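Look for subunit A in each of the two complexes below; its partner is subunit B in the first and subunit C in the second.
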Partner chain A sequence: MIEIRVRKILEARGGDFTLDVDLELQEGEFITLYGPSGSGKTSLLRSLAGLLTPDKGRISKGGKVWFDSKERVHMPPQKRNVGYVFQENALFPNMTVRGNLQFAQKKGAPPGLIEELIVDMDLHDLQDRYPDTLSGGQKQRASLARALAQQPDILLLDEPLAALDGVMRLKLQEYILSSHRKFKLTTLMVSHDLAEIIKLSDTTILLDKGRISKMGTPQQVFMGNKLSGKFQFTGTLLELEVQSVITVASVLIGNQIVKVAAHPTEVEGLSPGDKVVVASKAFNPVIYKIEEK
Partner chain B sequence: MNWDPLILTFELALTTTLVLLLVSIPLAYWLSKTRSGLKPFLETLVSMPLVLPPTVLGFYFLLAFSPNNAFGAWIDEWLGIRLVFSFGGLVLASVVYSLPFMVQPIQTGLSSLPPSLSEAAATMGKSASTQLFKILLPNIRKSLLTGIVLSFAHTVGEFGVVLMIGGNIPGKTRVASIAIYDEVEALNYAAANSYSLILFALTFVLLLSVYLINGGYVNRFWK
Partner chain C sequence: MNKFRGHISTIESDGGLSLVTVIVPVDMELRCIVIDTPDSAPYLAAGREVEVLFKETEVVIGLEGTDGISLSNQIPCVVESLETGVLLSSLDLKCPSGRIRSIISTRSAGELGLKPGTAVRAMIKLNEIMLSPI
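On to the complex of A and B.
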């Protein structure tokens, strides 16, 4: 169990606010942090990694104290064994991809680990290249592999996929989820993408102005318990088109635009740009073949 | 032509540059990281030699190191070092005089690196010195080269400080810039010209090499 009780006054463009968080995380879970920018998500990750010193509070993992303002304990980041994937990837420009991985590796690491990560993350053709010559997605793959090469107990991901396009994003989500399971990590990830959060996380924390406004499974957090539908997809509402008795809503789900016919009362209060869920109560699901085996 | 002044100049410049490198890396690293209130004062002191007449610096060194003085007498007696009119004194004065030329490029280089590089290394369990030598310094090679060449060239070109604290002792403190002055005073224009020409050519080549390497021309040529 990881206990985090942290208070820290943060300077932000819109004025100072206090990060005030009290939570317990189960080890082995995949946790996502969601909230508007400047709500303290990154500061929470940094406090956990030891890169930011809270004003007050206590952080402990499995009974071991990492930080305690009363006891004046502050374990340096070097001793916490936390893997951190930075938003801007932070690959060392003076080392090749393989060099970056080797640098991160601890003494006494299993001999085949780097090879394994290079295969897992599809880095074989890139391993001798320098970070400057890689694309955004390649850099984040290398950065993720590097964080795993240090065999962390906790993996912290600060919006690692923010700058990537749809296809690359989906691919990296798979990498992250499979590594989380394979290496039995406790993972905390900052994300702004609802579909991503629902796909990956066991627990979602909604952070607003430094405080936790909601916490639970993604379904609990984002949908309440209003729906009992079997099929659910999250997407962005693109436009509403009124046609005689019905309204047609165009929703972007993943890479597809889906048109949903709805009664005008159902779409009341919705406007383009909203995040929406498209669900079907599966009384009579239609099933058809899309590809011969 | 007497080569002694030129050889002495290069010995002085080389020693000064090496000492500066050892002093400036930790100093610049501290300046680039600290939030201490002392920082602006230290930065000012480091930069003073840029604007202060070298004679002022030389004058105070002369006073401080003179054996007639408490401090000068103390190092003379206890360490057996006399810093006035000696090569050791020249090195010390040159180190202070060229300090900004080494500290500033390194400090600027270190500050330009994103903090996440050291932070990433810290989460990997790497100590501050490993971060400095394996990550930070290798990524500011251009700044290091600029610092090394500028301090070397600046030491070659110094005159006032050397004259004040070193005097004009042949083979001991008579460096090329002073030898030129000396030859001109003796109306020995040919000798002054050969020293001058060598210094001119040398500094040109040194500075040109920095611009070529840091401008990427050399890399492009080799690739």
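On to the complex of A and C.
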């Protein structure tokens, strides 16, 4: 179990607020943090990594104390065995991809680990290249491999996919999820993408102004009132078009736009940008194989 | 979305499917099928209060006295008002349990001669009805 109890006064554009979190996480879980910018998500990750010192509190993992303000314990980041991937890649520019991985490796690491990560992350063709010759997606893939080369127990991902396009995001999500499972990591990821959160996480934490406003499975957190509709997705409302007696809503789900025809009363109070659930009975959709041409 | 509150009266399950009957006051019985059973969805229990939802576009209109139709849910109503578009029309129907909205083609509305006061039957297939626990 990972115990995180931290208080920290944070400065934000809208005024100071207190990160005030009391959490117990199960090891091996995939946890996502969701919330408006400036709600303390990154500060929470940084406290866990040892890069930010809370004003008060206690952090422990499996009974081992990482931080305790009363006991004046503050374990340095390198001893916490935490891997960190940021939104902007932090690869060393003067080292190749392979060099970056080797540099991150700890003494006594299993001999085949780098090769294994190069295979897992499809870095074979990129291993001798320098970071500035890589695309955004390739850099993040290399950053993920470098974080894993440290053989962390906990993987912290701070919106690592935010700058990537839809297709690349989906691919990277697969790499993240398969590594999480393979290396039996406890993963904490900051994300603003509902589809991503629902796909990846066991537990979602909603942070608002430094406090946890909701926590549970993504379904519990986002679906609220559960319908018996099995054909259910979350998305972002893009547009409402009035077409005589019905209104057609365009909703972005993943990287696809779907349209929903609704009675005007059904879409009352909705405006573009709103997060919405699109649901239908499982009996309505048709399904067929896409024939290869 | 048409919404009513009622109580589950019976649940018949077979495999992973359940046929659920909901009684809505005053006098409406709605049947729906869901891919869930009392085991997978604990809210499926006799006596439980639920919300019953169905889209306006899934409500079929028949004139009174229409027989021999497979649709499980048939609710006697009276047309309260109708709003006519070029292709589609929106009907407000009154029944003892409240109001049901239906969107049908303007052509059908014309063929049936629907106008305020017409007695009709609102019909909904059982696979078009959603349940939501309260």
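In this section, the second predicted complex is superposed on the first by the 286 of 293 C-alpha atoms of A that agree within 3 Å, B and C clash if a C-alpha of one lies under 4 Å from a C-alpha of the other, contacts with A are read in each partner's own complex, and residues count from 1 in each chain.
Going forward, a residue touches a chain if its C-beta (ideal position, glycine included) is under 8 Å from a C-beta of that chain, and two chains touch if they have at least 3 such contacts.
The structure presented is a predicted model; accordingly, all values stated were derived computationally and were not measured.
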Fit or clash - subunit C, subunit B, common subunit A: fit
Partner chain(s) touched by A:Val82 [first = subunit B, second = subunit C, both, neither]: first
Partner chain in contact with A:Leu51 - subunit B first, subunit C second, else both or neither: first
Touching partner for A:Glu266 - first (subunit B), second (subunit C), both, neither: second
Touched partner set for A:Gln256, first subunit B, second subunit C, both or neither: neither
Partner chain(s) touched by A:Val245 [first = subunit B, second = subunit C, both, neither]: second
Spatial angle subunit C-subunit A-subunit B, Cα centroids [nearest 10 degrees]: 160
Partner chain(s) touched by A:Ala279 [first = subunit B, second = subunit C, both, neither]: second
Which of subunit B and subunit C A:Phe103 touches, first, second, both or neither: first
Shortest span in Å between Cα atoms of subunit B and of subunit C, once chain A is used as the common reference: 44
Contact set on subunit B toward subunit A in their complex: 114, 116-117, 119-127, 134-135, 138-139
Residues of subunit A that touch subunit C when the two form their complex: 225-230, 244-246, 261-263, 265-266, 279, 281-284
Interface residues, subunit A side, partner subunit B - complex: 49-51, 76-84, 86, 88, 90, 92-94, 103-104, 106, 146, 150
Sites on subunit C touched by subunit A in the complex: 1, 32-36, 41, 53, 55-57, 83-90, 101, 103, 127-133
